[in-house]
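Presented sequentially are two complexes of chain A, the first with chain B as partner and the second with chain C.
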Partner chain A sequence: MSALADVLAHVGARMGEMHSRRGWLLLAVFALLIAVVVPAVAPAYLVPLLGKFLCYGMAALAMDLLWGYAGILSLGHALFFALGGYGMGMYLMRSMAGEGVYRSELPDFMVFLDWHKLPWYWHGFQSFGFAVTMLLVAPGLLALVFGWLTFRSRIKGVYLSIVTQALTYAAMLLFFQNATGFGGNNGLTDFKRILGWPLQAPQTKTILYVASAIALVGTYLLCRFVVTSKLGRVLRALRDAELKTRFCGYESTNYKLFVWVLSAMLCALAGALYVPQVGIINPSEMQPSNSIEMAIWVAVGGRGTLTGALLGAWLVNGGKSWLTAAFPSAWLYALGGLFVLVTLFLPKGIVGAGGPLVEWLAKRRAQAAAPPPVAEPVKQEGT
Partner chain B sequence: MTARRAILLGAGGLLLWLSFSSAAHAGMLEDAVQGLASSSEDKVEDSIRSLGTLDDARAWPALDALSDDRLRVGADGKVYIWDSKTHDAKDPITLAVVQAPRPLKEVEVSNEIRRVAGPVLAQLRLGSPSAGERLAAAEELSKAGDAEATTLLHKALDREKDPKVRDALTLAVARVDLASPSADARVGALQIIKKLGNDEFLSAVQRMVSKNDQGQFNEPDAKVRAAAQEVVDAIAGQQRLVSVVGSLLHGLSLASVLLFAALGLAVTFGLLGVINMAHGEMLMLGAYSTYAVQTFFQAHMPGAFRWYLLAAVPVAFLVTMLVGMLLERTVIRHLYGRPLETLLGTWGISLGLIQTVRLIFGAQNVAVANPDWLAGGIEITHGLVLPWSRIGVIGFVIVVAAGVWFLLQKTRLGLYVRAVTQNRAMAACMGISTKRIDMWMFGLGSGIAGLGGVALSQLSNVGPELGQSYIIDSFMVVVLGGVGRLAGAVAAALGLGVVNKILEPLAGAVLGKIAVLAFIILFIQRRPQGLFAIKGRVDA
Partner chain C sequence: MSVAESTAPPEEIEPPLGQHGSEEGPHPTTVAPPIMLWAENLTVSFDGFKALDDVTLLLDRGELRCIIGPNGAGKTTLMDVITGKTRPSEGSVYLESRLQNLTQMSECQIAELGIGRKFQRPTVFQGHSVFENCELALKGAKGVFHSLFARLSKADRERIEEVLETIGLADLRNRQAGLLAHGQKQWLEIGMLLAQNPKVLFIDEPVAGMTQPEMERTAELFRSLAGKHTVVVVEHDMEFVRSIARKVTVLHEGRVLAEGPMDVIQKNERVIEVYLGT
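Entry: the complex of A and B
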């Protein structure tokens, strides 16, 4: 009995570390809103779009976990996102074997390429469980090997960003090849159903949306759990002063590797939920610009806050959806301007700027007579 | 009888003989040409043969006219050459336009006559004063490939001086000899082919060493077969050489473009610690400046159009330098010390630049023409042409790299730059205006990339997304070469460019790129500071 009480007390304490009571309440309201209220009231045509945004939100959370808390700016997360998507796409292709245009057991593009046998790495993907396992394990393994090689040799900062970008670029070129066996240019598309449910049906779309919402809340909780743990504190220490932390006896490679792999797998999960809702996955998802856009979501919302990442992802993508329809030629200017303005004037993002603003207002109220203190910009010259 | 008289007499006799013989010769030539229009086919053939014996190049136009159905007979029974373009009749030997008494009757030519005329025509052409005509004739004769042709070719070879035509004639002889019944002649021919190395013969020689349907060698003589095998090997070796040298040159010109981009990156990254993702767009702006200068020259100074490229060099440099300095002043200087933010901010700038160029010049690729002095190339051997544009680009990058080296190592500005790179605070204490140095070096780095754009415009298409395809490669160059190291940038650019292009034919472009990336990742395992690490303490 006391053991159970201990456990409960421990869990309660841990939950207290993650969020205040008010925070948990807000989170519950938010979860209810996106998982229950929105699908109930949103018009059917909007559901897949909103589901897409939820997946972007998950990717942004994964990015923030890595960049905001561990200081690792990956420009390769589009790759993990796309790999997760390809894993799901492979299941969707295999589950409709024999129903393609050519009525073949093989996916259409293989028939088109005159292949007669399934490549070995396609085997097993007719099973949903296997596909889901693989779409998490494969990007995780890639991240593990790549991360081990790079973190071990102390590649960090912009070097790491560049190397991850090059990795993504190389992978994009590889996936563009027909011979790679993932449909080349066109990627995987024309999906029919998932777990027997037709993808075109509104109910399926709603279910996929709700699944994404649950996955998003789960991702958020997992990220929050990680960053409030002792591990999360070590990560922040590594971000701020890697050498000092290492000299305190923390092996930086292992910590970084853990958060890197976790982030990659969360991103892959987001990609896997994304694909059935948009109905296509192709190599252009791996464009270098996609990874950089993920970084700007996080930067706009505020790094190292998790909530900011979500906010940023939704604001930027909402703006994109609206601008590309209303003023197509202005979108790139808006995005480019966002990059510049956020880095210049909003280094902590929207959420990060909120805190000082509240403080500043409080101070102002307190010293109504005194002039507000002018913040001296801190400038670091050179390295 | 003095000696003097004897000489006079002898000279007079010689003169007399010469004039007589040339008169007789001229008479025979005219007779033979007249005979071409004879109604008797035998007489025509005889005339052709005697033209062949006379071996006088002046008869060639008439014979050529005969085989082209341009030979006419006038009302006076004389032969004329008809010019169908100007509707003039010409004298068959002097080729002067003459008033021929009409009506002009066409000379009928049978296939038999054509067959007889062909070799004689080629033979006369071999005596033509134009080397190009002789070359064409040699090739034609070697295709006819009979014994008669061989003697003609040997005769022509004896008097030929032009080395190019000599080679062609030798090959023509070899081609005929290859089909000769004598094994020695075949071996001789094979040796000539091997020496001159012409891959046109590859299939013929390969046929000799292969077996026919009955399982016997097409070439019965083992000695000849061995010689033929040698030729096949030699030609294949030469083809390999051509392809290696070709990809080497492609690699070098890719390396040059990478070097243009990486020189600027190495300087700005080394000095300012700034990752400039908009650097590729400086290449693009340089290329578009070239296009704008070209358009301006076309519209306003068509006379000086050949030299537009020379004007484009300073224009592109200034445009990109000014854009670079503007960026440094307005955005980048606020981001010093925050490399990751700089990366994002400059990426945003690059998006803006791309979109601006797209709105001004359109989303389609634009064409930048090679000026005539960069078109064409040097032919090293058969099938190996080094294009002037690529050679020019390589030369250009050497000049620019030398200039940058000079600027950094031998001038006061360079001294300041190196001082600021090594220790910014100390340099500032010594009275160096570090901010001004930052601005000028950023401008210089961008300007060098702009020059790279000029070079690139001569090699490939110019489009708004031009820079994007080079930025990743040029960062790889900087990572591989070591930050802020000029020599490292040069070595890494050369290595990456050449390796890329050499891997391309072997493994395909994509696998080549992936192999290079894998190599870089493994390489920085061993040497994280790059090829040319700065010796001493490196802040981690």
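Entry: the complex of A and C
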């Protein structure tokens, strides 16, 4: 029994480190809001759009975990997002075998290319469980190999960003090829149903939305757990002074690899939830500008805050949805302008700027409540 | 330590093993060999330029050693080699026993074995609190998955508190390290080294930019550390070196120029010529 009590005390203490009581309460309210209230009141046509935003939010969290806390700026994260999406797309294609335009066992694009046999890497994807496992494992493995090679060679900073950008660009070119076996530039589309539920039905859309909301809250909790652990403190130390961290005995390569792979897999999960809601995945998801946009979300919201990443993803994408409808040609200018403005005036992003504001307000309130303190005694050095 | 030996040219430096009379060692009764660290015949060349040229440094257990020398003498390179940042082209480094050659190991492995290093400029983790800085430096498992679930034990907390007391920053434990004064950052970094509980501490220019009282306090701190740890201080400030040193090694142009007690070194003509005389 005392062992159980120990575990409970441990979990309790750990939860206390993750959030204050008020923080947990706010999180619960937020979770209820996005998972229950929004789908109940939002008009049906908006649900997939909002679901898309949730997926972007997850990707932003993954990005912030990596960039904000470990200082690794990946400009290729859209690759992992897209790979997760392709994994889900493969399941959706295989689950409708025989119902395509050509009534073939093979996906339509393969029939079109006059292929008679499923490529080996498509096998097993008719099973949802296998597909979900693979769509996490494959991007994770790619991240592991790529990360091991780069981090081991101590490639970092701008150089790492450029290499990641090249990686996603190369992958995009590869996926554009019909011979790669993922539908070429059309990608995978015309999905019918997921786990037997028709994708066009409003009910299915709501369920996908709620699943995304749950995944988002889960992702947030996981990221929060990581960044408030000792591992999180080591990551921040690495970000600020890598050599010093190594002299403290931490093998920085392993720490970077861990957070890099975790971040890639979270991105893949976001991509997997994204695809059934937008109904298509193609190589343009891997284009370099998509990865850069992810970095902008985090920069706008505030690096190293998690909540800032979410806020940034939603504000930027909200602005994008509105602007591309209202003034289609203005979006790129607005995005560029936003990036310049944030870099110049809000280097810590919106949430980063909010912190000092809250502090200032609290100080003012405290001053109003209590008489002004006597001048703080100057600390002599503690001999 | 005789005058003759200390002024001997580097070629005649005592052989690595034996001959180190146990009556001279700080722990005459222990069975352990009195030598803590052997750095033998280290040579480092950068494009033909020899930053270190056949340098041998032997440290006794619990010794407080100062390394001095003009700019470019190879002091920092010597530390880089011993702590694993730079690989020597020749030579070997052993700690405590002569089983493992440290020149084949990574920085973290060497740190794990018990060699701590303080950099020239104070490098503390600016964004972390004073307490967290010590926590990160604390000796213990440093693996990724261990860190993910790690919690400080009671003993760990006590050890950190003890270190904070030693360096005089106990009252500032929650202060963000980036906000500390220069001298306090230096002490914090020394505290982080202590938290690692190293066998040998290398400290690079600890009093640069310190005020006189801070300097005196630092000297006192080092004297209290000697005996428990083997401490190597690299320093330019001669007054400070005089105030702490028992034994001094003088480097010049990548070679050991002289080695011996401070008062003898001060009279060595070659040393005066290249360094002290100015």
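The rule is short, and it goes like this: the second predicted complex is superposed on the first by the 359 of 383 C-alpha atoms of A that agree within 3 Å, B and C clash if a C-alpha of one lies under 4 Å from a C-alpha of the other, contacts with A are read in each partner's own complex, and residues count from 1 in each chain.
Note that a contact is a pair of C-beta atoms (placed from the backbone, for glycine too) under 8 Å apart; a residue touches a chain by one contact, two chains touch by 3 or more.
As the structure is a computational prediction, the values presented were derived from the model and not from experiment.
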Query raised in the report: After the chain A overlay, clash or fit between chain B and chain C?
Result: fit
Query raised in the report: Looking at the overlay, does A:338 come into contact with chain B only (first), chain C only (second), both, or neither?
Result: first
Requested in this report: Return first, second, both or neither, reflecting whether A:169 touches chain B, chain C, both chains, or no partner chain.
Outcome: first
Report task. Have a look and say if chain B or chain C is in touch with more residues of chain A. Result -> B
Query raised in the report: After lining up the shared chain so the two structures overlap, which partner does A:254 touch, if you call chain B first and chain C second: first, second, both or neither?
Result: second
Requested in this report: Would you sort A:37 into first (chain B), second (chain C), both or neither based on which partner it touches?
Outcome: neither
Query raised in the report: Is A:154 contacted by the first partner chain B, the second partner chain C, both or neither?
Result: first
**Report entry** Where chain B and chain C come nearest after superposition, their Cα distance in Å
**Finding:** 7
Query raised in the report: Which parts of chain A are in contact with chain B and also with chain C?
Result: 243, 379, 381-383
Query raised in the report: What residues on chain A touch chain B, complex-wise?
Result: 67, 73, 146, 149-150, 152-155, 157-159, 161-163, 165-167, 169-170, 173-174, 176-177, 242-243, 288, 292, 295-296, 299, 329, 332-333, 335-340, 342-344, 347, 379-383
Query - Touch list for chain C against partner chain A, complex - result: 83, 85, 106-108, 111-112, 116-117, 119, 123-128, 132, 135-137, 142-144, 147-151, 168-171, 183-184, 192, 196, 213-214, 217
Query raised in the report: Which chain B residues qualify as touching chain A in the complex?
Result: 273, 275, 331, 334-345, 347-352, 354-355, 359, 424-425, 434, 468, 472, 475-476, 479, 509-510, 513-514, 517, 520-522, 524-525, 528, 539-540
Query - Residues on chain A engaged by chain C in the complex (per definition of touch) - result: 10, 13-14, 226, 229-231, 233-234, 236-237, 240-241, 243-251, 254-255, 258, 379, 381-383
